[in-house]
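Every chain is named by a letter (A, B, C and D) in the order it is written, and numbering of its residues begins at 1.
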Amino acid sequence: MGSIFGRVLRAATFGESHGVGVGVVLEGVPAGLALEAETIQRDLDRRRPGTSALVSARQEPDRVEILSGVADGKTLGTPIALLVKNKDARSKDYSALAEAFRPGHADYTYFHKYGLPPQPGGGRASGRETVGRVAAGAVARALLATLGVSIQAYTVAVGSVKAEIIDPAFAESDPLRCADPDMDEAMAEQVKEARSQGDSVGGVVEVVARGVPAGLGDPVMDKLDGLLGGAMLSIGGVKGVEIGAGFAVAGRRGSANNDQMGESGFLSNNAGGILGGISSGQDIVLRLAIKPTPSIARPQRTQSLNGESREIEIKGRHDPCLCPRIAPVAEAMAALVLADAWLVQRAAERMPS
Amino acid sequence: MGSIFGRVLRAATFGESHGVGVGVVLEGVPAGLALEAETIQRDLDRRRPGTSALVSARQEPDRVEILSGVADGKTLGTPIALLVKNKDARSKDYSALAEAFRPGHADYTYFHKYGLPPQPGGGRASGRETVGRVAAGAVARALLATLGVSIQAYTVAVGSVKAEIIDPAFAESDPLRCADPDMDEAMAEQVKEARSQGDSVGGVVEVVARGVPAGLGDPVMDKLDGLLGGAMLSIGGVKGVEIGAGFAVAGRRGSANNDQMGESGFLSNNAGGILGGISSGQDIVLRLAIKPTPSIARPQRTQSLNGESREIEIKGRHDPCLCPRIAPVAEAMAALVLADAWLVQRAAERMPS
Amino acid sequence: MGSIFGRVLRAATFGESHGVGVGVVLEGVPAGLALEAETIQRDLDRRRPGTSALVSARQEPDRVEILSGVADGKTLGTPIALLVKNKDARSKDYSALAEAFRPGHADYTYFHKYGLPPQPGGGRASGRETVGRVAAGAVARALLATLGVSIQAYTVAVGSVKAEIIDPAFAESDPLRCADPDMDEAMAEQVKEARSQGDSVGGVVEVVARGVPAGLGDPVMDKLDGLLGGAMLSIGGVKGVEIGAGFAVAGRRGSANNDQMGESGFLSNNAGGILGGISSGQDIVLRLAIKPTPSIARPQRTQSLNGESREIEIKGRHDPCLCPRIAPVAEAMAALVLADAWLVQRAAERMPS
Amino acid sequence: MGSIFGRVLRAATFGESHGVGVGVVLEGVPAGLALEAETIQRDLDRRRPGTSALVSARQEPDRVEILSGVADGKTLGTPIALLVKNKDARSKDYSALAEAFRPGHADYTYFHKYGLPPQPGGGRASGRETVGRVAAGAVARALLATLGVSIQAYTVAVGSVKAEIIDPAFAESDPLRCADPDMDEAMAEQVKEARSQGDSVGGVVEVVARGVPAGLGDPVMDKLDGLLGGAMLSIGGVKGVEIGAGFAVAGRRGSANNDQMGESGFLSNNAGGILGGISSGQDIVLRLAIKPTPSIARPQRTQSLNGESREIEIKGRHDPCLCPRIAPVAEAMAALVLADAWLVQRAAERMPS
């Protein structure tokens, strides 16, 4: 279990970091949606490594092939299979690692789960797995676009530097996807400094979905908060998620936190666009805690596979800060959740009275 | 969709606040587990209202009936149906409310989803729905106990007061489930003050699972973080969840955040017991942001069902702080996720080489 | 696993033959459907034992209680929980049986699966479990009625006697649900003769769904044939299922079996209303092979739980022919499958071009 | 929905007849299973067209590529993605057909479901879709082989000719997979005669699973009969399925049909290896009614997409009898169901007392 996501719109991802390729089978997309490979490619390009000095230097063209489910630029209603071949997999960087557990990685837990030594490049636990998510998410996004829904994720904190203003357009052009034009240099400085010291740095990514109609999400187990939050926490490196006012609600009074309504609608959005697990029509706002990349060049204490204490130094090409790489993945997961919720709601539509 | 939770261990809850009753059908529990009604009753008693001056005065004995799946004190392997009848439902408290959306509640979104006016007591959106979760969770907890797993949730912040030490035994006896014996009075004061002002207050609940074996959880969509986090965010009133160091990781370097290993195991637990989505054998630690109860006596601006602006004052018996009520629910959801992950892992067990 | 049925419309049944009661939680029913307890009761009355000399004499009023999901005669969109208490459970009839496996029953296989001795009345393997199915099916039927879909099952063979004409109205009034007014006495004779010899007899039940719109069902794994056929074979005692011309197709040429089309539609219905797994708008026709009731009074050779050879004679009140009892269950399962397929199709509806 | 099959072992198939390729993502296979591409290829070769004068002349090498989930000849526990590229797709054979519904095909129903004209080669409704099933089934079969389970399907009837003896070894070498060495020529004659007349012929395929341990399958909705039968009926062209004695039970007495037990076990196998939905340890025996291939050269009456009456003649390379092509698919589906049931049973294993 574990590689199929969704209820009606279901994405089955596959692929290891250093295998033949990565991809996804997406079922549940209605027939007749206009879909070109270029639409998917655009989102894959947004998550691609090797695009700036602040991210991994691994060179992957990440060209998507549509294997099924689309003909003449339209979806057929059948499963859409998407494949991205792996090109630049340098297994030798990892050969020394296979004997010891990398701190902060899945090596130790996969060993206990599967009884296998760490796979080259992290195998299925690699960030490369997210290619399938982003490809599927691009299709979900195309579906949502027909409703007027748009989704964007951007970086609002790196290390000790926090964004104070949110400029979505700026974030799109910034290598760190920093949302604050006045803070992008300070954030970049945090990343460079960490990397120069053989280290990495954490941050916060915010995801906003605009134009979501009221009424999506289901009580009680499939609350939209739970589906979205669970989806975000399924992304490697995410250690926390908050919705709307998030952890700030802990210190508040109800009178301050409730979103009251005036004549033309809600007067605030502390709820982050979700009430009782169901979308309210306001912007849906999530924030994700991103841990510093566990792969660092500095020596660290660890154990070998047979339990002996040893020191490890991790080579390879790693992102010193995961935020700009995770942002497109967070968008994709949000798109998958919301598109699924919309399809589920079509099924749940109330009977005419 | 939305009322069935889990993969192999599946809980289907049912019931409205002011209907006949609430309950759950739980399937996937192996045969032969020792189970008495008293075990379930004990957990229900922990979430029951009317137990102190700091929680709702609604009087519900909440006696559980086992309708199926158990005979002679052992599970049969068949679905376990559990029913709790509603007793003290005062619908008249709500009659005036049916015409307007209560701020911070699901009234507005349910109206848009279902086309129905607010139901008495919140209907399915009521906290009373969690009776079914707690009853199912008690069974999951009994299953986990056979592995040596224990789960506890307690309050670590109320309003501006934060716990500094964690005393699990103290939390069990404290009306707010406050974990810090030196802070319980200050927390209680926050609650009383809010209530005296017709208001409510938020807080933070921490959940710890001890004794979880390494290897539970599944890459990539069913990471244990995602399953647990999604489960927590499916509880009404939870607006954020963090695992291990949580949002603190955003400001950290990788060298400080990675959990290194010495001869006898991990040297820290910033990961909160989960690496790559799979349990590491360390304590699993989650923290939940709990919003202030939306039902407050103070006048608030809202809209009527037909969109007219109006003021609302909410009567009824409400918890001025949700933390002590949510703690048992969080334990139940954690138990359901972990017991399910254990059963899934039994299926996934690697082939002998 | 195993007690939750469906994809969007999901029925979670529960209950053992001699426990507190049997029932179902049904989720996925849209809000706003008119639903009275009487509608459900009517279908339960059709499957009730003790109604004629040709069926079991067990007296069960089988009164349904709606525990949730309905208010003011309309569905709320939330899970509908339905409970039927057991009244006339004579466990003593079974006490002698607990030590040996009844031939043709689930005793042997349950023992190997669960490690438990046979439960009173068959426990979960009892035909009494179908109460939950019929109750859920009644709701599904009400949903389908809004589309103009009707479903009926009737007996077309008992032992060596076969119906030659189908008179649906007659079947409703016949104690065996025999569809042929000229054959009902001969069928009844087969049953009486078998019973008088301490034996039982098999038969064939036909299920017809009229008014099903074209386009329901999904390629490739969720073909409507597969969903319907699997549902029928999940009913105890059904050992075969055929659709349309069924096994007769084996001896045919394609030119004779294909349903050609004239100006006003199909010229025949060998396909039984399903082409490529999707409904064609014609009547959906299934036939079920029903085995003779395994509980017979005649002495039979069997084994005790510890493997010793012995003879068994089965007392208790059993149906000498299962056909009239299975017919309402088959209708219910067909209704659940078709209502689910309709809801799934609402989600799958093609995008406007 | 509709392209993901299974509960714990889940196969997500994809691909259209004349698209890039067909394949499957299979999740839930435990780590450490020995698996070579050759094992999968062997099963694909068994279903491949162009192998004799009695099947379609379409030339497809059907070489499988393992894209993920396997390394160093062992499964990783992660999703296994398998791809078979399409080579010999002659869309021009179909161009004339796109304007009218082929009798006996999915064209009419797909048009109503998806609003799309018939796709080249039948698109997703083509028998070519079964490549993904057979590939996944080969992996399931390898899993089952570790338990000592073997599965074989063979032809027991073609047109009016029925097998009288079953010689499994002979069936493997026969082009029609006929199980009776004395009847293979008569069966081949039926096929040749039909084809020479531009027609096709139906038949019956039997599937046997040997070595299945007692205790697999789940009451009540996931009875093994229902899962297997539903799986068989999800194969295009299958219009009926029976288990053990099947439709013959309709004419029997209980005393004749019950499988009594002697000192060394069951004395007969009318149940076909399944009691109460759970395997008994005996051979599991199913029989499938296979319709005559709907694609025939003879002129047939049909409608155009806009409802006009017209005549159609179907060109292309078609199997005059589907039995030998369906047999390997039936084996694959049986393997998927049984392997899944085994994994589910590992999760359900009773608690130690």
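Throughout what follows, a residue touches a chain if its C-beta (ideal position, glycine included) is under 8 Å from a C-beta of that chain, and two chains touch if they have at least 3 such contacts.
In this text the structure is predicted, and so the values were computed from the model without any measurement.
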item: Shared chain contacts [chain C and chain D, defined touch]; value: A, B
item: Pair sharing more residue contacts (C-beta pairs) when A-C is set against A-B; value: A-B
item: CA centroid of chain A to CA centroid of chain C, Å; value: 45
item: Separation of mean Cα positions, chain D and chain A [Å, integer]; value: 38
item: Chain centre separation in whole Å, for chain B relative to chain A (CA means); value: 26
item: Set of chain B residues in contact with two or more other chains; value: 1-4, 8, 13, 28, 31-32, 77-78, 113-116, 124, 219, 344, 347-348, 350, 353
item: Residue numbers on chain B that touch chain C, as the complex places them; value: 1-4, 8, 10, 12-16, 19-23, 25, 27-28, 31-32, 65-69, 71, 76-81, 83, 113-116, 119, 123-124
item: Residue numbers on chain B that touch chain D, as the complex places them; value: 8, 28, 30-33, 75, 77-78, 143, 146, 219, 343-344, 346-353
item: Chain A-touching residues of chain B, taken from the complex the two chains share; value: 1-5, 7, 11, 13, 101, 103-110, 112-116, 124-125, 129, 157, 159-160, 194, 199-204, 214-223, 225-234, 236, 238-263, 267, 271-272, 274-281, 289-296, 298, 300-303, 309, 344-345, 347-348, 350, 353
